[in-house]
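Both complexes shown next keep chain A, but they swap its partner, so chain B is in the first and chain C is in the second.
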Partner chain A sequence: MDFFFGLLQIIGVHTLLGLSAYVVLQTGQVTLAQAGFFSIGAYVSAMLTVLAGWHIIPALLVSASLAGIVAGIVGFPALRIKGLMLVVATIAFGEFIRLFWFNFDYQIAKEGITVGPQGGEGFKQIRFFPENGWSTLDVAIFIWVIVALVMLALWWTDRSRAGAVLRAVGEDELAAQSVGINLTAVKVGAFAAGGFIAGIGGAIYAHYTTHIEHLNFGVMLATFAIAYPILGGLRNVFGTLVAVIFIQGILVEGLRFMGDWRNLLFGALIVLAMNIQPRGLIDERSVKLVRGLFTRDTRN
Partner chain B sequence: MPILELTSLTKHFGGVHAVDELDLSVEEGEIFGLIGPNGSGKSTTVNLICGVVSVTAGRVAFEGRDITGAAPHRVLAAGVARTFQNIRLFGHLTVWQNLWVAQNSVEDRRSENFAKRWFFGSGAARDAVDEQLEFAGLAGKRNELAANLAFGEQRRLELARALATKPRLLLLDEPAAGMNLEEVHALDGRLRTLQQAGMTIVLVEHVMELVMGVTDRIAVLNFGRKIAEGLPAAIQEDEAVQQAYLGGSVETAHA
Partner chain C sequence: MLEVNGIAAAYGSIEALRGVDLSVEEGGITCLLGPNGAGKTTLMMTIAGIVKPRRGSINFLDRDITGMGPSGIVRRGIALVPENRLVFPDMNVHENLIAGAYLRLGKRKAQVRQDIDHVFTRFPRLQERSKQLAGTLSGGEQQMLAVARALMARPKLLMMDEPSLGLAPLVVEEIFRIISDLNADGTTIFLVEQNAHMALQVADHFFLLEQGQVTFSGKPGQLSEHEVIQRAYLGKGQERERPTQDRGHPGGKTH
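Here is the complex of A and B:
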C-alpha cells in the first residue's frame, strides 16, 4: 500500500510543480526557472522545521512566499526578453539558485547531532513527518488537500477576469497593452504566483523525501515542470494533473517492468501523445467528449 | 483647447524620417481624417500617440496633459483607445472575454477593490460588456472564439473592444480595410452615432468614400510631413495632395 501512497505523493508534488509553470505559460512566457523556486521552498521550509522547530504549515507558507518574492524579482528582467532568450535566461537563473544551495553550508548542533544544509552533501534528516507520527497516508492526505486548494484557486482564476487577462497577454502583448493591461504587473504577478506554487511543492517535497540535495533541482526537473502543462494543455488546470498522472503514474512507474527500455518508450509515448493531441491532452475536443458522457443532450 | 495636440512630433527609424516635425490639433467632438500614401507615417503617428513606439522628439498632449512617451496602458487610462490596421484580437478568448479584459477605464478602477475587480467579477462590468456586445451587433456570438468570427465581425469586435475602455478619443487605424461597400456604409453610420454621443475620432484611412463623407477635417501626410490640412472638399481640390497621390512615383499612385 505504501507504494501507492508514495506514488500519490510524487504525483501531488509534481502537479504543484506543473501548475507553477502553467500560470507563467499562460502569459506566453516559457520558464525553466521553476526548479529553482521549487528548491527555495524545499530548503527554506526544511530549515524552518528542522533548525527553528516550526510546524510545517507556517514553514510552508513562509518558504513559498519567499519563493514567490524571488520569482517576482526574476520576473522584472524577464520583461525585457522573450522567446528563446527568456528560456536561456531562466535556465541560467535556475542554475544560479541550484549552485547557491551547492555552496550553502549552515549547520547547528541539535540534540547531540548537527543538522542543516551541508553544501554538496545536501540537507539530511528533514524528519518533521516521522517525528510527529504522520503516517504515509496522513502525508498523502495533507499533500492532496493542498493540491486541491491550489487547483481550485487556479481554476477560479481561470474563469475570472484575471485569468482572461493572463491569456490575453499570452496571445498578443501589444493588443493587451492597448486595452489598458499593465504588462509589467501581469507578467511579474504571474511569475510571483508561479514561484509561490513551486515553493509549496518544494516544501512538501523536502519533507516527504527527508533528504534533499542541489542535484534534485536541475534542468531536468525544470523541464518536467513545463512539460506537464504543455503536454496536458493550457485550457485548464486538469490538463496538468492528467499529464502528471500520465507521465509519473503510467510512464515512469507503470513501465518499470521494461527495465532499460523504459526510457526509450517513455520519450516515444510523449511524442505520440503530443501528435494525437496537439493542443494538449485536455483540449476542446476531449472536454466535449467528457461533457457528452454526463449530459443526455447529444447535439453537441 | 484641442483634445489632442501634437507639437513637432518626430520619429526617426535609423535614417528614415517616418514622422517629421508633425503639428496637429484635433478639436473635441470632431472626426479628424488622417490620410496619405502608403508609408507616409500615418500608422507611426498613431503608434507614437499610443506609446507603442518611442518618440524621437516633440510632444503629445491629450486634454492638455503631456502623455509623450507614456506606456500604452497609461495612455489608455488617460482616455485614448485605438484599433489596429491588421486586426489584433485575442483569438482564443471568446467574444465576451475579449471585451471583458478591456473593461479597464478609470471610473471602473476607482469603483471596485482589487479582488472584486479581477477575481470575483462585478455585475457592473458584466453589464457593460453585454451593452457593448449589443451595440456591436455581436450579442448572438458571445461564446464564440474571436478567431472563428467572420472578417467583418472581427472588425466590429475590435472597435467594440476599444469602446469598452470608455475612451474620450478613439484612434482608428484603417478600420475599413478589406470591407465591402455595404460594410463601409455601416461603419460610416456607426462612426456618426459615436460622434453624436460625444466621441472624438481620429480616422486613418485609405477608403476615400468613408474619409470624404464622414470627417470634419482632414490632414494629409507624405513622407512623414503634413502637406495639407482642411475641410474634405478643399483637400480634394488641393494640388499638393493630388501631386502626392497621383503625381509622385508609380508605386504611390497605385497605393
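Here is the complex of A and C:
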C-alpha cells in the first residue's frame, strides 16, 4: 500500500505545482520560474522544522509566504516584458534561485550531528514526519487536505468576479486597460499567489522526500509546472489535476514495466493526447459530459 | 468637460500627435474625423492613459489627468470602447460585463448585478446570449457588448473608437441609434469615426484631425459634407474634382 500512498503524495505535490502555474497562466503570462518558488518553499520550510524545530504547519505557511513575496517581486520586472521574452526571463530567474541554493551553506550541530543545507550536497535529514511518527498514509492525507483547500480556493476564485478579471487580462491587455483594470495589481497579484502555492508544494515535497538538492528544482520541473495546466486545458482547476494524474500516475508509474522504453513512449503519449484533445484534457465537451452524468435529464 | 491642450505623443521616433487641441462639451456628442494614420486612435489612447503623452495636458472636469494611469482615468469617469471592439473572446457575455466592473471588485455586488440588469434591458440581445462566448457573437453584437462593458464602469464620458468598423450598413445604423440613446440618457460621447456621413448626423460638434493636428473645429453644416468626406478619407486640405456622394459610407441616404 505504501507505494500507492507514495504515488498519492507525488500527485498531490505536483498538483500544487501545476496550480501555481495555472494562476499565472490565466493572466496570459508564461512562467518558467515556478520551480524556483517551489525550491524556496522546500528549503525555507526545511530550515524551519530542522534547524529551528518548528511544527510543519507554521513552517509551511511562513515559507510559502516568503515564496509568494519573492514571486511578487519577480512580477514587477515581468510587467514590462511579454511572451517569449518573459519565458526567457523567468527561466533565468528560476535558475538564479536554484544556483543560490547550490551556493548556500548554513549548518549547525544538533544533538551531535550537523544538519542544514550544504551547498551542492543538498539538504539531508529533513525528518519531521518520521520523527513525529507520521505514517505514509498520514502524510498522504495531510497533503490531500491541503490540495483540496487550494483547489477549492482557486475554483471559487475562478467563478468569482476576480476570476473574470484575471482571465480578462490574459485575453486582451488593451481591452482590460480600457475598462480600468490595473494590470500591475493583477499581474503581480497572480505571480504572488502562484508563488505562494508553489511554496506550499515545495514545503511538502521537502518533508516527504527528506532530502533535497538544487538539481531537483531545475528547468525540467518548471516545464512540468506549466505542462500540467496547459495539458489540462486551462479551463478549470480540475484540468490540472487530471493532467497530473495522467502524467504522474499513468505515464510515469503505469509505464514503469517498459523499462528504458518508458521515456520514449512518455513523450509520444503526451503529443498524442494533445492531438486527440487539442483544447486540453478537460475541454467544453468533457465538462458537458461530466455535467450530464450528474444532472438528471428533465426533458422526459 | 474634457480639454486637450497641445498634446504630443510618439511611438519611438514616429510622431503620431503633434500638438492637438480640442475640447468636448458636457452632454453632447463630439466627433473626431480624419483619414487613416492621422492619429485618432492614438489620441483616444492618450486620453485613456494607455499611451503617455510627450507634451501637453489633459483636463477632465477641471482637474488635470495628464499622465494618470488607465485605472485612475476610468475611475474619474472616462471609459473607452476600443477600436475593433476587443471583447474578451473566450469569456462569456456575462463575464465580459463583470470584468467591466473591475473598479467595484470586492464590493457592491448587488449594485453590479443591478447594472448588469440595466445594460441587459438596453441590449436585450446580450441577455439572450448571456452564457455565450463573446468570440462567437456577430460583429454588431460584439460592438454592443464592448459598449455595455464600458458602461459597467459608469462613465460620465464615453469614448468610442470607430464603432462602425467592419459592420453591415443596417448594423451601423443600429449602433448609431444606440449612441444617440446613450447620449439622450445623459452620457457625453466622444466619437472617432471614418464613417463621416453617419457621424455628422449625430454629432453636435466635430473636429478634423489630419497628420497629428486638428485642422478644423466646428458644427456639422459649417463645412459641406463633400469637403468633410474628402478630408476625412483622403486627408486633403482642398477639394478635388471627384465624385464623393457614393464613397464608402454604407447605408448612405440621399440628403
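Please note the rule applied: the second predicted complex is superposed on the first by the 297 of 300 C-alpha atoms of A that agree within 3 Å, B and C clash if a C-alpha of one lies under 4 Å from a C-alpha of the other, contacts with A are read in each partner's own complex, and residues count from 1 in each chain.
Here is the rule we use: a contact is a pair of C-beta atoms (placed from the backbone, for glycine too) under 8 Å apart; a residue touches a chain by one contact, two chains touch by 3 or more.
Keep in mind it's a predicted model, so treat the numbers as computed, not measured.
Once the two complexes are overlaid through chain A, chain B and chain C clash, as defined at the top of the document. In the superposition on chain A, A:Trp261 makes contact with neither chain B nor chain C. In the superposition on chain A, contact is made by A:Thr157 with chain B only, not with chain C. In the superposition on chain A, A:Phe4 makes contact with neither chain B nor chain C. Legend: residue contacts after superposition of the two complexes on their common chain; A:Ala168 is shown touching both chain B and chain C.
In the superposed pair of complexes, A:Asn182 makes contact with chain B and with chain C alike. Residue contacts after overlaying the shared chain place A:Phe96 against neither chain B nor chain C. The contact surfaces that chain B and chain C form on chain A in the two complexes overlap at residues 161-162, 164-165, 167-168, 171-172, 174-182. Partner chain B is touched in their complex by these residues of chain A: 156-157, 160-162, 164-165, 167-168, 171-172, 174-183. By the touch rule above, chain A contacts chain C in their complex via residues 161-162, 164-165, 167-168, 171-172, 174-182. Taken together, the chain B residues at the contact with chain A in this complex read 50, 52, 71-73, 76-77, 81-82, 84, 88-93, 97-98, 100-105, 117-121, 125, 161-162, 164-165. Considering their complex, residues 48-50, 69-71, 73-75, 79-82, 86-91, 95-96, 98-103, 105-106, 109, 112, 149-150, 152-153 of chain C touch chain A.
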